[in-house]
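For clarity, chains are labelled A, B, C and D in written order, and residue numbers in each chain start from 1.
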Amino acid sequence: MSELLALGDDALIAAQRLSEWVSRAPTLEEDVALANIALDQLGAARLLLSTAGDEDELAYLRDGPQFRNCLLAELPLGPARGDLDFAWTMAWLLLLSSAQLLRYTDLAASDDELAAGIGAKTVKESTYHLDHAHQWTLRLGGGTDESHRRVQEALDSLWPYAHELTEGIRDRWLALVEPILAEAGLTRPADRWQPEGGRTGRHTEHLGYLLAEMQSLHRAHPGAQW
Amino acid sequence: MSELLALGDDALIAAQRLSEWVSRAPTLEEDVALANIALDQLGAARLLLSTAGDEDELAYLRDGPQFRNCLLAELPLGPARGDLDFAWTMAWLLLLSSAQLLRYTDLAASDDELAAGIGAKTVKESTYHLDHAHQWTLRLGGGTDESHRRVQEALDSLWPYAHELTEGIRDRWLALVEPILAEAGLTRPADRWQPEGGRTGRHTEHLGYLLAEMQSLHRAHPGAQW
Amino acid sequence: LDGEASFDAVIAADQKIEPRDAMPDAYRSGLIRQIAQHAHSEIIGMQPEGNWISRAPTLRRKAILLAKVQDEAGHGLYLYAAAETLGISREELTDALISGKQKYSSIFNYPTLSWADVGAIGWLVDGAAIVNQVPLCRCSYGPYARAMIRVCKEESFHQRQGYQSLYVLAQGTPEQRAMAQDAVDRWWYPSLAMFGPPDADSTHSAQSMAWKVKRFSNDELRQRFVDMCVPQAEILGLTLPDPGLRWNEERGHYDYTSPDFDELMRVVKGDGPCNRQRMAHRRRAHEEGAWVREAAAAYAAKQNGKVTV
Amino acid sequence: LDGEASFDAVIAADQKIEPRDAMPDAYRSGLIRQIAQHAHSEIIGMQPEGNWISRAPTLRRKAILLAKVQDEAGHGLYLYAAAETLGISREELTDALISGKQKYSSIFNYPTLSWADVGAIGWLVDGAAIVNQVPLCRCSYGPYARAMIRVCKEESFHQRQGYQSLYVLAQGTPEQRAMAQDAVDRWWYPSLAMFGPPDADSTHSAQSMAWKVKRFSNDELRQRFVDMCVPQAEILGLTLPDPGLRWNEERGHYDYTSPDFDELMRVVKGDGPCNRQRMAHRRRAHEEGAWVREAAAAYAAKQNGKVTV
C-alpha cells in the first residue's frame, strides 16, 4: 500500500498549501473554490492515510524524511512565497490535479475493494480540480499580457517537478496537459532538469517549515485528545 | 525577577526575528552586523532567562501566553513580512535597542549582584545596537526619497508599539530617541493607539508562528540531549 | 395604491418587501448598510479563524475548521447578492470595505491566540450572531430574510461544533483546560459587545423596529444571549469572567456586568488589537488580486467577441 | 630584474607575491577566479546552514550556529578584500556571482533536510574545505595566503563543533542516531566531490602547481580526506556509505569508491537540487537591498559635501 501512502501524502501536503490561501484569494468566489479544493485534498488524504495507519499519527508524528509526497506538492504557493501569485498556484494545480486524476482513475480500477472505493470518490473530485485549473489556465493564458507572462513563468518553473509526479504515467499525463497548454496559448516547457527525491523521503528545504507549523500544536500536547 | 524574564523574552524573540535576516541583508557587512546583533540578543536572553529557570525549558516548552515579551519584539521583520524591508527593521531596532539600553542601565545599577553583572555586559552591547540603528536611521532618513519614505512609514507603523515597550521609562526614552529622529529629518509620530498585552501574555497572532518554528525540533524529540 | 402606501401595507401585513417593490430611500440605504456590514463581517471573519487552519491539531478538526471558514466566504457571497438586489454593486461594496467607509463587526478585531479560541468563537461569537440573526429571518426584506435562513442554519451547525470542540478541551489535559478557560476569559466581553451599545445609546434602532428589520432591542438580545450561555458554561465546567453574574428570580433573567462600551467604541473607531492587521490583510489580498480579476475580465470580453485592441 | 624574472624568482624562493608586484596575467586572472569562487562559496554557504538557525534545538546550539554563519559572512568579506587587491571591485565580484558568470562550490546546492545536516556539514564539508585550504595558507599570493590562515583557523573550530554536535546525536535517541546516519549518507559523496574532478580530468591544475597556488592534486587531497574521516566515523559509530571502503596495507591508504563525477558535473552546470533556489535567494536579497545601498551612497555623498541634485 506504499503507493496509497504516497498519494495520501501528496493530498495532505497539497491541502496544507492550498489552505494557506484562505482569505487571500483574488475574488470571494475563488476563496470558496480554493477552500473547497483544499477540503477535497484533505478528505482524500484522510482516506488514503487511513489505509496505512492512524491518520493523525501519520500526519502529525512523522518527520520530514518519512513523508513520501512528491516535491511539487510541498513547494511554497502564493502566501508562503511572500507574494500572492495566483498564476503560480493555478499552474501548480494544473500539474498536480491532472496527475492525481490519472492516479485515482487507476485506483478506481484496482482489484482491491478499498482502493477502488477511494479511487471512485477522488476521481470525481480531481476532475473538478483539473477543470478549475484548466479554466483559469485559459483565462490567464488568454487574459492580459501580465497574466500570460505570469502563468508561463510559473509553468516554466514548475514543469521540472512534474517529472517525479508523473513517473509511470508520463505519456497519459502529457496527453491530458499538452492540449490544455496549447488551448491557452502557452508554450509547453522543454524537459530538462528533473528534480526528484520526495518518494524516498529526500525533500526540499520547504517541507520542514510546513511540517513545523502543521505539527506544532499536536506535538506540543503529546497524547491529548482534541 | 519577573522583569528579568520579560527582558529575557524580549531579547530571545528579538534574536529569533533578527536571525531570520541571515543571508538576506542588503550588504555583506550588514549580514555580519545583523548576525552579530542577533547573537548579542541571544546571549542576553540566555543570561536573563537563566535567572528564572532552565533556559531551554523556558525557550522551548512554554506556550505563547506564557511569554512575557513586548509586542514590538514579535512583529514580523523583513523576511517574515514577505518583503525584505530593511527600513522597517532599522526603525524596529531603533525603538527596541534604545529601550533595552535604558532597562539594562537600570539593571547595571541594581543592588542584586547577578542582575548588575548582566546589566553591565548588556549595556555595552545595546549601546552598539542603538548606535547601529542610529547610523542607519540617519542614512535612510537623509539618503534618497525612497529611503526617507520607507523609514518614516516604518516608524509610523511601529511607534504605537513603543508605548508598551517604554512603560515607566517613557520620558528618558523620548529624550534618547527624539533627537535621533530630528537629526535624521524624520517626523516623530503622534501618540495615539497604544497596543499592549505582551507583558501579561496577550500577544499578537504573529508570536504563535514564531514559536511553532522555533520550538519544532526541540518538541519533536522530548527529553533528547543536543 | 401608491408606492409608500403599498410599502406600509406590506409591512403592516408582516409580508415581504421584494427587490422591485417601492420602498423608502432610508429603508433601502439602511438595509444596504446593515447587509453590507454583515457581509463584510463574514469576509473579515475568515481571518481570525483561518489563522488556525494550518495548525489544527487533528485532520478531522482541520477539515471542520476549513469547512467553516469556507462557509463564511459563502455567507459573504449570499449577503453581497442580497445587498446587490438593493441596487449596489459588488465592486462598490468591496471598495466600501477596503476604504473603511463601511464597517465590519468589531469582534474580528481581536486576535486568536490559541486553538481554544476557535472553539470559543464557535460557541460565543457564533452564538451571539445567531441570537442577533434569528429574528432577521423574519425581517421585512425578502432577499435578506431568505439569506439569513440559510446563514442561521449553517451558523447553528458551527456553533454546536465550536461548543463541542471547547467541551473536549475543558475535559482534556490541564493545559487544554487552561487554554479553554483563557479563551472564554478573552472572548466573553467582546461577544456581549456584539449586540451593540445599550438601548439608551443606540442609533438606527427605532426606525428599524418600525420597519420590521430589527425586532428586538440590543439589550433584549444581549440578555437572551447571557441567559443561554450561563447553563452552557456550567456544562462545560468553565467560568464566565463576570463576578456579577447571578440569577435574578424577580426578573427571571441572569444579572450580568455590562461590557465596557468605551472599549467597544475604541475598537469600532479603529483602535482594537487587530483592526490594522485585518484591514491590511484584506487590502493586500484585494490589491495582489487586481491583475487576476483584470485578466478574467479581459478573457471574458474576448470570449464574448468584444475584443478591444 | 624585469617583471617576469622577478616573479619567477619570488616563486622559486617560496616567497610571497604582493599586490603591487608584477605578475603574469594568467596568474592574476586565475587567482581572481579562485578567490572569487571561494568567497562566493562562503556567501552561498550561509543559506544551507542558515536554514536551521530558527529551529536549532537548544539556545546554545542556536548561538553556535549563528556565530558560524556569521563567520562565513566574515570569510566572504576577507576573501573579497583579497580578490580586490588583484584589481577587481566588490561590485564586479557580486555581479559575477549574481549573473552566474562565476561559480560557487557545488556542495551548497544540496539541501539541509534535518538538524543533523548541520553537524554533518561541520564534520565533512568543513573538514574537506580544511584539507583543501590548509595548503593554501602557503599559497604564493600573500593576501590570499594570509586570509586563508585566518579562515582555516576558524574552519577548524567549526569542524570540531560540527563533529561534536554529530557525536551527541550519534549517542542520542534512536531517532537522533537515524538522523545522524541519514545526514552522513547524504553528505559523504558530495563532500568527496568537493576536491574536484579526478586528476586525469582536472583543468587549471598543472599551472597552479607550478605557480605554487595549488600544492597537491585533487586526488591526493581526496585521499587525505578519506584517510582522516574513516577513523573519525568509527569513533562516531556511524557508517560511511561506501561498501568499497577498506584499508589498503600496500598503499598505506584507504581504498574508496569515487564519487559519481557525472552527477558532480550536472550540479556544477546548474541542475543540482538547490542551484535555482540558492541563486534566487541571493538575487532576491541583492535586488531588495538595492535601494538601501543607494540610500547609503547618497547619504555618504551628501556628508562629503558632494551633493548632486
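Here is the rule we go by: a contact is a pair of C-beta atoms (placed from the backbone, for glycine too) under 8 Å apart; a residue touches a chain by one contact, two chains touch by 3 or more.
This one's a predicted model, so the numbers in the text were calculated from it and none came from an experiment.
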Neighbouring chains common to chain A and chain C, by label: B
A-D against B-D, pair bridged by the larger set of C-beta contacts: B-D
CA centroid of chain A to CA centroid of chain D, Å: 37
Computed distance of Cα centres, chain D from chain B, in Å: 33
Interchain centroid distance [CA atoms averaged], chain C/chain D, Å: 58
Length of the line joining the C-alpha centres of chain A and chain B, rounded to whole Å: 38
Where chain C touches two or more other chains, by residue: 55, 175
Numbers and ranges of chain B residues touching at least 2 other chains: 63, 83, 212-213, 216-217
Chain-level touch network, classified as line, ring, star, complete or other: other
Chain-to-chain touches, reported pairwise for every pair that qualifies: A-B, A-C, A-D, B-C, B-D
Chain B residues touching chain D - in the complex, by the definition given at the top: 12, 15-16, 19-20, 22-32, 35-36, 38-39, 42-43, 45-46, 49, 55-56, 59-60, 83-87, 138-140, 142-144, 146-147, 150, 213-214, 216-218, 221, 224-226
In the complex, chain B residues that touch chain A: 63, 82-83, 209, 211-213, 215-217, 219-220, 222
Residue ranges of chain C touching chain B (in the complex, touch as defined): 48, 51, 55, 111-114, 175, 179, 182, 186, 270-271, 273-274, 276-277
Residues on chain D engaged by chain B in the complex (per definition of touch): 43, 46-47, 50, 53-63, 66-67, 69-70, 73-74, 76-77, 80, 115, 165, 168-169, 172-173, 175-176, 281-282, 284-285, 288-300, 302
Complex contact set, residues of chain B against chain C: 63-65, 157, 192-193, 195, 197, 202-205, 208, 212
